[in-house]
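The letters A, B, C, D, E and F name the chains in turn, as written, and every chain counts its residues from 1.
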Amino acid sequence: MKIQLINPNTSMAMTDKMAVAARQVAFAGTQILAVQSATGPASIESANDEALALPGMLAQIQAGEAAGVDAHVIACFGDPGLRAAREIATAPVIGIAEAAMQMACLVASSFSVVTTLARTVPTAQRLLVDYGMTTRCRKVRATGIAVLELEAQSDGLLRQRIGDECRLALRDDGVGAIVLGCAGMADLCTELTRELGVPVIDGVTAAIKLAEALHGLGLRTSKRGDYAAPGPKRYAGVMAQFAPVA
Amino acid sequence: MKIQLINPNTSMAMTDKMAVAARQVAFAGTQILAVQSATGPASIESANDEALALPGMLAQIQAGEAAGVDAHVIACFGDPGLRAAREIATAPVIGIAEAAMQMACLVASSFSVVTTLARTVPTAQRLLVDYGMTTRCRKVRATGIAVLELEAQSDGLLRQRIGDECRLALRDDGVGAIVLGCAGMADLCTELTRELGVPVIDGVTAAIKLAEALHGLGLRTSKRGDYAAPGPKRYAGVMAQFAPVA
Amino acid sequence: MKIQLINPNTSMAMTDKMAVAARQVAFAGTQILAVQSATGPASIESANDEALALPGMLAQIQAGEAAGVDAHVIACFGDPGLRAAREIATAPVIGIAEAAMQMACLVASSFSVVTTLARTVPTAQRLLVDYGMTTRCRKVRATGIAVLELEAQSDGLLRQRIGDECRLALRDDGVGAIVLGCAGMADLCTELTRELGVPVIDGVTAAIKLAEALHGLGLRTSKRGDYAAPGPKRYAGVMAQFAPVA
Amino acid sequence: MKIQLINPNTSMAMTDKMAVAARQVAFAGTQILAVQSATGPASIESANDEALALPGMLAQIQAGEAAGVDAHVIACFGDPGLRAAREIATAPVIGIAEAAMQMACLVASSFSVVTTLARTVPTAQRLLVDYGMTTRCRKVRATGIAVLELEAQSDGLLRQRIGDECRLALRDDGVGAIVLGCAGMADLCTELTRELGVPVIDGVTAAIKLAEALHGLGLRTSKRGDYAAPGPKRYAGVMAQFAPVA
Amino acid sequence: MKIQLINPNTSMAMTDKMAVAARQVAFAGTQILAVQSATGPASIESANDEALALPGMLAQIQAGEAAGVDAHVIACFGDPGLRAAREIATAPVIGIAEAAMQMACLVASSFSVVTTLARTVPTAQRLLVDYGMTTRCRKVRATGIAVLELEAQSDGLLRQRIGDECRLALRDDGVGAIVLGCAGMADLCTELTRELGVPVIDGVTAAIKLAEALHGLGLRTSKRGDYAAPGPKRYAGVMAQFAPVA
Amino acid sequence: MKIQLINPNTSMAMTDKMAVAARQVAFAGTQILAVQSATGPASIESANDEALALPGMLAQIQAGEAAGVDAHVIACFGDPGLRAAREIATAPVIGIAEAAMQMACLVASSFSVVTTLARTVPTAQRLLVDYGMTTRCRKVRATGIAVLELEAQSDGLLRQRIGDECRLALRDDGVGAIVLGCAGMADLCTELTRELGVPVIDGVTAAIKLAEALHGLGLRTSKRGDYAAPGPKRYAGVMAQFAPVA
């Protein structure tokens, strides 16, 4: 099967890092097509960044549909544009936050999220409400690390800070698992699991495995109800290029 | 004071209709600057439409801020991009759904929403959760009328259908007020109030009065917490033109 | 328009202070009729105080209706008797807690309440549930100041304590705005906003502007559903004088 | 032990009916002191009625405390003034709605309430939220019978209507028990239980047994936290006679 | 009346302690039949313990029904198997957690639970959700004491630790009452009430009084809806002996 | 990998049917070990059945752990004993209800459950609360078919009834997907998907794919927090054989 792994920001280094993580967990027969948005913010750390990342991300969904991929993964922990993407896709679309939280619920009765900047915390909290995770997630913890700082994966100091925050979560929140709150942390997952002795869950790899699972079950996005395909419509100006294709 | 009334779709006829309604309720000293998005969908009826309406809408917020307006109103019942707009604005930003629901709570203990197509109902329901209105709003009722059909304000048949749905709401939902669920219904408000004998609330006019109220109190968007201005950031490609200004 | 500003306790000095604050924000054409209860507790700081304040407050609603006022404001942060008042009024009735919280939601994504004695905190928390504000309000903070201590507005020490609690709220609760939890703090609002650099919202002034907004929209209390006028009924004994008028 | 059974309206016939029901279930050693408010509405069917019933009811609480009763029962299904009463009492105070719902939860996994006029339904629904009963109670059903119509207990037609509504509840709501939503229905409880073959619970008798239970456990109203006694305070005007006693 | 007090673990010393507490509060005419499970764990401190305690506990329910008892009390704070027991009983079945929390709500507006090991806290928290007590209970506090350590009731050190945790609850949680979170603490209730000056509620004694109350009201488990008796069914293997009797 | 598929009832025919469905979706390298409880009820349709199914089910978890399986699936839609099983397992344990609901959320914004007897509906509803699915699941619909009737998979009439209920769900509940609420419906999934044109999700196959996904991610049950292994403990009587192994 072909999974399109979409980095909804425009930073290629981050795409590459995700792709490595994704391929490590994918089955032999799974092809990972890693792409990033052609236009939009270099990283997504505010509601404004998210809003302006959507056209580029949705264009990739369209392209992937046209190319006949079997699933899409939106690889940003805010799951930006997930509903819009599901409307215009027939293949399943998986957000990495929803994926990570679902997996966490299967192996622990509660978890905390360790994420990047404090200003992304409210976005994560809104997702918790949306996904029915408010009682399963005990706390969303910011490390104060910007998304693009994570690109430099060799940086031991950042790893240390993330590890420290995970340890605080285990000590103070009473949780049994950690969810990493940024696609840029995908490479830390295995190492942290070993260090901490509890499940540490990264959304990118979780989403890849869920995409394979859905494919194996023959499940595709429902075209009935909220995710029904929108009808044709005039789009004016520069956004016309991103308009849904008939 | 100057209020920028933003129609986040690109249909000028709808902008004109809203502007008329807005000016009817504004104080003498209030100047209504009615604008619409320069780019994006002709109407907003799906998550995809909403996603692709955001750049055009946020560009108007930026322009209004540069022009020194005292408040912004986002005139689409889904309150699209409200959080993003508040991040990049220092003037207050008011969504018409939040405005209408607040007003309804002051004059009735419960209300129903009468809106356009069935597929917009889930969007309204998500707003109810966001705004803490799940117990105040008894039902969101679709009339099956598309947003652009409402442009032709003289159409008596559509008015009839909307009126009928309001009557059903009063009879079956046990509510004391009606909230109109589309900016394109702004012109029907006074007439329906008279017909139905209960408060019928339109978000466009409600938002104008709330903008005046906030202005009178000297209240502007908090730049602390979730609505803090996002820092500068590289935006690639065609979206660069919509990037937040420093 | 005429707004009846009702102080539901019997302390005239507090009425005067509110009236000053109210007139500072009212439009030129708005007349503020400031009254207090003729009978009941000198301040409202317990459920018992609130219960025994209701006859005096409702008598003022009746008197205001008879005098043809265009709106009523109940100026105590517990919004005492709001539902009863709306039943017997046709003009809108606005509680200052609901008003302040609504305004806070338009300019900040979360707020904390800074109030008087610790024993009033549960009352505020019940209002949060009633008004759907449990996720918007992060904390209700008591200063330990009794309502009547606030009368002496020149007291720098009390202002200091209130300011300090606001600063704690900003530092520890992660909020973007402060709601003042007592009508007796109305005079501190402007000064605190300047000091703290975030919106500080007082319910008295917020309610006045909402009353003007409702009036501008032609909205009055719905007489259908929960706020329908109660039918005539025998009232025995000393309460007979407070019975609803036909 | 002495239980003061307070009818918070002024209708003696209703007091007498409750007293009969109460004495039928009370233990031999339990003395039922049945009283009604000396002042206030003849029946409680609106928020306004409730507000103006409070002084009379609270005066009875004070009198009962002075007389050294061991428990108070507030015999109106809206549990009016329950928090205020608990503040000024040291003996336990039990509302009949809370009592009936607690008992229902012990013998059925869900119940419906069958009550009087439609306009009392919202009051019952607010109690459900307060008491954490929103998932246990499936529906609050109005019969359209006014409280004072129930006084004439021999009226077979009213009994029939109440029985019919109970049968609808069993058939359509999927519940295992019925809670009677008015103190004036106390006399129908046994008969309906027999007729319907499910537990039918009346709050007056439920509250009497809970009062005996609390007494047997030596439990009295906590004077710490929300129910702490309010301090002394000036009360002006006619309400002065209802002011809390030191 | 005859109340079967079931200790769902197999520790006779604990049964004896409960029986003493139960008899101290029971009316003269109430006979307490104290039994424990014939098979299962010596104490219940995990979901696994609870699962494997159910057959033994349900066998006692069956035996009690056969013997014609008037009520059953399940004396473990997790209320294990309460729904299953109610299905197979016609007499009322009362869990001590539900009983204690109901009583607490009648004498305090909020309470904290003081319990045994930290690993039992989540079980208590699930009960809070089930029973609608999430806003009434402020905190579930573990003392780190194992259930069987409580058997030795003379141990002053354990009492001290429990008392200390209660004091922390009063100081830090703002509550007006304490609920003891283990049947093995039944003997501490009176002493702690005296020491702390607030209601301290033990579930065993609370349940006994509720059983008497239900009996006095003639209320028995509804056999309609969720608690309807399960039909006959084949049970294979060693569990056949625990199968429901026709 | 080896997945132990546990039928927690004792009906071998049902085990065989599940095994067929499971093997159809499993990867080539996945070995399905299908077992059923050696002791307990022939089908699980009441809380009592569930309680008495637990020892047999947990014994299979123990046996599977001893045999070194890589994951356990509990194949009954009530997810009986899931928490207990996770305590005593180190391999992941997946309940089919949680699995099916998670999958449904990835391909539809809302779903309804179509299940067996009406008396199992409340169990499903409790799971919805537990799993945070109350807003995603619109309705749990009973077909009135007993679990063991489903064994005879060739029965066209039963299929018809299930299909009809699914069609009602699509027409009346506004959902985009159907979740089958019984392991015994596993064989109907593909056919119904084709017939209805929306995703129809069976928990058995969903759980198999989630087990593979967790295995691929190296995630195992957290032994910290709520799922920590219970310590050793005396178990008396016939249940001793089911006691947790050290």
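Here is the rule we go by: contacts are C-beta pairs under 8 Å (C-beta built on N, C-alpha and C of every residue); 3 or more make two chains touch, one makes a residue touch a chain.
Everything numeric here is computed off the predicted structure, so don't read it as measured data.
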Between chain D and chain F, two copies of one chain sequence, what rotation angle (nearest 5 degrees) aligns their Cα atoms? 120
Among the chains here, which has the CA centroid at the largest distance from chain C's centroid? F
Roughly how far is chain A from chain E, centre to centre by C-alpha average, rounded to an integer in Å? 45
Provide the C-alpha centroid distance between chain D and chain E, rounded to the nearest whole angstrom. 28
From the C-alpha centre of chain C to that of chain F, how far is it in Å? 53
Using mean CA coordinates as chain centres, what's the chain C-chain D distance in Å? 30
Any chance you could list the residues of chain F touching two or more other chains? 83, 86, 109, 122, 129, 135, 174, 226, 228
In the complex, chain C residues that touch chain D: 10, 37-43, 45-56, 58, 81, 83-84, 86-88, 119, 122, 126, 129-130, 226, 228, 230, 233-244
Contacts from chain E onto chain D in the complex sit at residues 25, 27, 83, 86, 92, 94, 98, 102-103, 105-110, 131-136, 170, 174-177, 190, 193, 197-199, 201, 205-206, 209-210, 212-214, 216-228
